Amino acid sequence: MPATSHDVMPDIELYQPTDEANALELASTLGSDGWLLGGGQDTYGWLKDRNKSPAAMIELTQIDAWKGVKETADGVEIGAVTTLTEIANHPLVQAKFGLLATAASRVASPQIRNVGTLGGNLNQDARCWYYRRGLDCYRAGGNICYADSPEGLNREHAIFGASRCVAVSPSDTAPALVALDATMVVASTSGTRLIPAQDYFVGPARDIVNMTVLNEGEILTAVRLPNAWANAEFYFEKVADRNVWDFALVNVAAAIKVSGGSIADARIVCGAVECTPRRLEAVENAIRGQQRSEQLANQVASMATDGARPLNYNHFKVPLMENLVKRAIRG
Amino acid sequence: MNPKLTRRRFIKGVIASGAAATSTTIWYAANGAAKPPGAVERLIRINVNGQARSVDVASQETLASTLRYKLGLTGTKLGCNRGECGACTVLVNDVPSYACSVLTHSVKNMRVETVEGLESANGDLHPVQQAFVDELSPQCGYCTPGQVMSAVGLLRSNPNPTREEARQGMAGNICRCGSYDSYLNGVMRAAQIG
Amino acid sequence: MGEIVRYKRDVWGEEVILGVSWDLLWVVAVAVLVLLAAHAIIMAALANKKMDKPSSEGRRVVRHETIDRLFHWVMAASILILIATGVAPILGLRIAWLNIHWIAGLLLTFVVVFHIIRSLFWQDFKSMVLGPKDFGEPFDSAKKPGKYTFEQKGMHWAVTVVVLAVIVTGILLFMQIDTPFWDRTNSMPEDRLGLMFLLHGLSTLALVALAATHIYFALRPEKLFYTRSMVSGWISEDEMTANHDTSLWSPKEAD
Amino acid sequence: MAYMHIGKDFVPPDVPGKVTGRIKYAEDYARDGMVYARLLTSPVPHGRVVDIDASEALAMDGVFGILTADDVYPDGEPQSPGLKVLTNEPTLMGEPILAVAAIDEKTAENAMAAISLTIERLPFVLDPLDSLAEGGSDAYNGGNTFIFRQGFAEEKWTADQVESFKSGNEPTAEAQQSWEYGDLEAGFAAADFVHETTFSTAGYPHMSMEPRSAMAYWENGKCYLHGTSQSLSAIAEPMAAIVGVPLEDFVFINEATGGGFGQRARAGSIPSMAIPAKLSQKINRPVMMRVSREEEFTIGGARQGLQGWIKVGFKSDGTMSAMDMYCISDNGGKGGGGDANSAAAGVSALYQTEAMRFRNTSIGTNTGHRGAQRGPGENQIMAIVAPIMDKAAEELGVDRLEIRKLNAAQNGDVSGPRNTPFTSAYMPEALEQGAAQFDWEGKKGRSRQTNGSKVRGLGIGQGYHNAGRSGMDGIIRLMPSGRLQIHNGVGNLGTYSYASTSRAAAEVLKMEWENCDVVTGRTDRHLPITSPQDGSNSIFTNTRTCYGAAQDLLGKMKEIAAMDLGGVAADYEIDGSRIYQIADSNVGMTYAEVAQRGMELGGKFTGEAELPEELNTLTALSVSRLAGSALMGIYHDPRHNNNPPGFTVTFLEIELDTETGKFDILDLVTIAECGTVVHPQGLANQLRGGAVWGIGLSALERHLYDPQNGLPASSGFWQSKIPTYLDTPAEIGTGWVDLPDPENPVGARGIGEPSMGAVSAALNAAISDALGGHLFDSAPVTTDMIINHIAGVSEEAKPLAQNNFRG
C-alpha cells in the first residue's frame, strides 16, 4: 500500500519505565517487538507511515540516570537521553568538548534539538529516501537497492563503503564523538559493555539492516568523552542544502592537538559519505608532526577521498569532502 | 493486491500493526505476569494552559492529536505531522516542541502551553502576539501559532535577543509565505515591549 | 514455521517473492540431524553382525588422482565458505560476508567447470553414470559396485544438480551487485529477482543437507577409507575387493 | 492625492485571530457525528483500476463507507486532462482513487489496508523529452499532449531532434504554439552580441502550509463545505458544479486559507474538496478529510518546469534587438499551465526587445499536476535571462544597471504578442530608486572580490507580471446603524487584499475604518463575484469593484438627501459619516438616517430593482438574498483598457564560499512599481515573501521523481527544500515607486508575483557574477552544481532533465 495513505500513529503500546532495571528488562523481554524511544524525532515518521511496526515503544527519557552531563575522573559522561539542546548549551561540554557542542547545535532544528536526544541522534536510522518511503529494499530486509542503479536519485548517498546499500550515516554528533574518541556505554540485562565510538557504527557489508552494533535488548545509556581529547583544537562544519532541518551533504569533525607549533595528534572524521562516520586515518598520519598550515591542508586533502566511489549524482561529495578536510586542517 | 496477503508473512508487519497492538499485553497475560512497571494507563491528567485536564489518551497519541481532537485546541496546526514545519509548536515546560512529534503520555507531568493560553485574563494579547499584529507579521497565518510559541519560548530563555539570535531561535518554523523578516521584526518589537 | 517462501512488496506495492523462508534452515538442520542420528543408531545396533573391517595394509590402488583430490577439496572448501558466509547474516553474525561469498562462488564455479570438462574428456565418465541397474545394488548384498557405489553416485548427482542450481542462480544474483567488474543495473524485475533468491535459497538448503550427510558418511568408520583416499589418493587392495567388483573397476597400483 | 485609507497601514480584521489561533481553517471545524476520511491513492504512476474489493474494509467496526470514481462519475470520467475528484485512470502516483470514512483516521487507515485494489500498470514517462522521443511513452491515455478544443494528441520528435536539442541546439520540430513580432532576422543581424543557449528550470510544488483539508455536511438539502481557496466567491459556482449541487444550495465556508500561491485559485485545481461533500452525502454524516503533507504534494500540483532554447541579440549600446525562445513545457500528469507563454510575454515586457519570436510545445509527464504558481513562467525565465543580461553588459562594456535601464519598460511602451500598451510603467524609476537604496554605485566594485575562499557576487533582477483583471462585481451595504458592510469575495490567504481593497469603499464614503465591516468568510454571507485571487489581480480588480459600489451607494445617498432635503444630488457632499448640503453643512443627514430612509424607500435603494444588467450569477443571487436589508451599493465593473503591469527590481549581494558551494545573502533590496500603494505593510510582506520564494526558485527547491519507478521523491518539506529562516536574509530592504496608474480609481496595481521574479533573477545573476560570469542556464543553481563547477567535476545531471536534479 502506498505510504500516502498513512499519516496517523497506529495502535502501539507504550512503556515508560522510570528506572534502569525496568527499562533493560522491557528491552530484553520485548526484543525486536520493542522500539527504544528517545525523543522520538526519528521514530514517529516511521510509525505514522506504518513503515516500521513495532508492537511497543519503550520510552527511555523518563530515566533520570541516563540524563545529563557529569564530570568524571577521566572526562565527561553524557547520558544518552540528554537533549541535544542541553548538550549544545552545557558549559562543561562547551568548555572541554566544544566540538560536540557545535555538532549538537547544528542538528535539524531548534525544536528537534529541544526534544531529540544524543542517543537518538546517534542511533537514528538511514535517511535514504527510498528506504524512508517504506520500500522493501536491502536495508528493510529486502533484496534490492533502488538508489544504487543507473538512474537512481542518489545525490545524498555514499561515496565510500557501499555494499549493496548506499545509505549514509545521517548523524552530526556521530563524527564528533568518533573524533573525540568517545566510548559508548551499552547496557542490557546481562551487564554493560563499553564500545569505542568508532566501532559502534556498522556498515552494510557487515550488517545491512542495522546501523549500530546494538543487539536486541541492548540500550545505549551513556557516552563517555575522555579527557585525552579535551580542549584540543576543534573544527566542525556541516554543509547541507538548507541550513535548518537538512541532513549533511558532508560534515567534518576534527580534533587536533597542537604542541610546539606542530600537530601532535589528530582525529578527523567525516559524516554523510559512508554508512558509518568515516575516520580519515591516512590524513591523520600524514599531518602528525607537521605544522598546521594552508599548505599542509592543500597537500593532504586529496588523501581524504582516496578510494571514493561516487554514484550517479554525488560526485560533488568528493571535492566537498576534500574542501571540508582542508578547512579542518587549516583551522 | 491480494487479500490473502494479510495472512502471508511480509518482511514488515505493515498490515499486522493493528493486531500487534495487544501482543505485548497478551505476552504478559500469557505468562501470568502483571503489566510491568512502566505500562501506561489511558486516563491521564495533563496540564494545558495552566489547567489540569483529564483526558483519555491512547498510548501512541501525539500531543497535537490530543490538543486538537480531544481538547479542541485547534490553534496548534498540523502542517506536516512530521516535525518538518513547526506549525504545531507548543511549549512544554517553556521549551518549544513540535506537538506532532511528542507523545501526550511523554508530557503528562509537564506544563503544556498552546497559542490559546497566551492572552491575559482580561483578553489582552501577549506582547509577542501584539507585536506580531503591529508588524503585520503573519500572512496566511497557518504557521503563526507555531511562530508565536517559538517566539514566546525564545524570549523566555533570552529576553533580549539580537536579531541573529532571534533568527536562530525561530529557525524551526517554516513560513511558506516567506514572512520571516516580518516575524523577526515582531520578535524584536516584542522583546522591547515585553 | 510452515512457510517456504517469504514475500515482500515491490516498488508498486504489489506482492512479490522475496526469497526462501530461512526458518527452513532450522527445519533442514533438525531433519538432517534426526535422520543421521537415526542412521548412526541403527548402524550401531547392527554393528556386531558386520564383517571385519578390511585391512588398509598391503597393496594400494589408486582411487583418486591428485588433480581430482585437489578439485574435491577446493570445491568442499568453497562450498563450506559459501554456506558459512551465506548463513552468517541469517544467524545474525555481523561479518563482511558478501565479498568472500562471491569470490568463493567464483572459485566454485571455476572448479566445477574444470571438473565437468575433465570428467567429460579425461576421466572415466561411465564410472559415475547412474543407471537403472544401480538401483538394485543396495538390496542385493552379493552385488558389488564398480568404482563408485550407488550411494556415492546418488550423492554425486544430487550435489551436481544442487550445485549447478546454486551456481546458476548465484551468478544471476552476482550480476545484481556492484563488483570490480561491473556496476549493478537493477535490470532484473523484482519478481524474477525474488524467484532467483528463492531458488538460490532452496538449493542452499539442499546443499546444507547434502553437505551434512556427505560429511557424516565421510566420517563413518566403515567409510573412512574413502575419506582417506580423498586425502592420499589410495585404498588398499583389501578395501577394494571387499567393496567393489574388480571386473567393473580395475585401478592401477599406487606408487 | 491625500487619501484617508489608501496608502495607510491598518490592522486587518483577521490578524488578531491569526496570532491567537482563533481563526479557523477548514480542518479546525468539527460537527456532531463527524467522521474522518482518508484517501487511497494510486500506487503506480500510470495505470487503470481493474477492480476494487472493499468488502473486508466495509465490514470492519467503525467504517462507514467508501467513495470511488464510479460514485463521482456515474457516467464515466471526463476524458480530458485536469484533476479529477477521484479516478480509475491515474496518471500520477498518489492520485486519489477512493476515500474511506471511519470513526477516526486510524480506523480509516486500517480499513485502507483491507481494501484490495487490482490495478493494471501502464507505461509512464517523467521527462517531456523522453515522451517526445520516438518510441517514448505517453503520460495520458490517448497521447502525450492535450490540444485545446482538439483533445489528446501525440507529439513525437525523431531521436536526432531530441538529441540535437539536448546537445544545445535550436529545436527543429514544429512547435504547437507560436507568436512573433518585429523583424527577428534584422534584429539578430543588427546585434553585436548574440547569446544562444539551452536552459532548464525546475517545476516545484506550492507546498502551502495548510494542506487542502476539507469538511462537509448536508443539512436541509444544502451542502456546507468548509474548504480552502484563494477565491471565496469565484470558486463557489464551479465548486457547486463539481459537488453536483445547485449554486443556491451550496455554502462554501473559508474564513482563512493557509497559503495558495496559485494552486487554489480555481475549483478545478482543488476538486478534492468535493470528496468529503460527496462522501457526506453518501453516508449521511459530516465528513472531515484531513489531507496529509504527502497528499498535498501529490495532488497539490507544481509549477511547470521548462526545457528551452533561447537566443538573444544585443546592439552595441546594449539594446536588446531580438529574442528567440523555444520551450518544452512539462504539463505533468493532469495537464495545466501556460508558463512558457507568460515567460515570453514577461521577457517582452521587461526588456522591450525590438523583435521577438516565441515557440512552445507542451508535453505531459506522469508527475504532479501543473498550474499557476506565483509568477508562472515569468519568475523562472527571469532567473535564466538576468545572467545573460550581465554577460551582454560585460561583452559590450555597458554597466549592468545601464543595460537594464536602456531596455526598461516605461509609460507608452507595449509588450507581448499583440503589442498591448501598459496602463502605466515606471521601470527606469524603479531601477534608479533601487540602485540608490542599495547603493549600487558604492557596492558594484565589490563584484568578484575574494576574501580567502569567499567571493562576492552582485546581481540585479527585474520582475514582471500582468497584474489586473476587471469585469467583476461589488456589493456594499449601508446599515440602518450607520455601519458600512463591504461584501468581499476575495479569498483570505494572507495578502490581506480582501480587507485592503475593501478600504477603497471606505475611502469613497470617507468613513472611519472602525465603522466598516468586511463581510466575507462564507458564501451564505452573500458575496459578490470577484476575480479569482490569482495573478496578482486582487488589488487592481477589487479596488475597482469596491470603489464602484461605493460610488453607486454615494449616488443613492445623495439622491435620498436631495429627495428629502431639497436640491439635487450634486448639491451634496459627505464627511464624518454625514451627508450634507455643500452650501450649508447644517442641512444634512447622518449615514444611519440615510440608510433608514433608503430602507423605507426600497426599490433600487435596497437592491430590489434597477440592478446593473451584467451582474454575474453569484452576485445576482447574493443581491437577491440581501435585497431589502440595507441601503445598497451594487456595481458591475466594466472592462478596462490595456495591460496593468506589476514591476519589481531587486539588488542583491552575496558572499559565496567556493569551498562549500554555499552562499550568504548580505544585502537584498526590492523595489515595487505597482502604482499607488494601498497597504504598505501588506506590500512589504509581499516583497519579503516574494524574496523568499525567489531564493527558493534560484537556489533550493526541486521536484524529484524516481526515474526508474515514478515515485515522488520530494513529497515533504524536507525533500522539497522549502527555504527556512536561515536560508534567507535576516533583513530584506523594501521600497516602492508609488506613482498612480490611470486605469484604477485609486491608482493601484498588483505585485504579489513579480516580487519573486526580481529576486530569482538577481540571485542567479549574483551567483553567476561570483563565479566569474559562469552561466548555469538553470534554475535552481544548487550547492552541488556550484561545487562541481568550481572543482571542474563534469556535470552529473542529464542535460535539460526534468523532474530530476537540475530541473
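Read from first to last, the chains carry the letters A, B, C and D; within each, the first residue is number 1.
By definition in this document, contacts are C-beta pairs under 8 Å (C-beta built on N, C-alpha and C of every residue); 3 or more make two chains touch, one makes a residue touch a chain.
What you see is a predicted model; the values in this text were computed from it and never measured.
Centroid distances from chain C, each centroid being the mean of CA atoms, peak for D. More C-beta pairs touch across one of A-C and C-D than the other; that pair is A-C.
As a whole-number value, the distance joining the C-alpha centres of chain A and chain C reads 44 Å. Mean C-alpha positions place chain C and chain D at a centre distance of 70 Å.
With centres taken as mean Cα positions, chain C sits 61 Å from chain B.
Put simply, the C-alpha centre of chain A and that of chain B have 26 angstrom between them.
For chain B, residues touching at least two other chains, in rising order: 1-2, 10-11, 14, 18, 81-82, 84, 168, 170-171.
The multi-chain contact residues of chain D, meaning those touching 2 or more other chains, are 43, 110, 113, 290, 292-293, 708-709, 711, 717-718, 722-726. Shared interface positions of chain A, i.e. residues touching 2 or more other chains, are given as 1-2, 7-11, 50, 136, 141-142, 146, 149, 152, 243-245.
Within the complex, the chain C residues that touch chain D are 11-14, 186. Of all residues in chain A, those touching chain D in their complex are 1-11, 50, 129-130, 133, 146, 149, 151-153, 155, 237, 239, 241-246, 249, 312-316, 318-320, 323-324, 326-327. By the touch rule above, chain C contacts chain A in their complex via residues 8-11, 13, 18-19, 89, 94-99, 176-178, 183-186, 190, 193-194, 197. Against chain B, in their complex, chain D makes its touches with residues 9, 11-12, 14-25, 27-28, 30, 53, 56, 110, 113-114, 116-118, 207-211, 256-261, 290, 292-293, 493-496, 681-682, 684-685, 688-693, 716-718, 722-726, 728-732.
Across the complex, chain C is touched by residues 1-2, 135-136, 141-146, 148-150, 152, 162-164, 202, 205-208, 213 of chain A.
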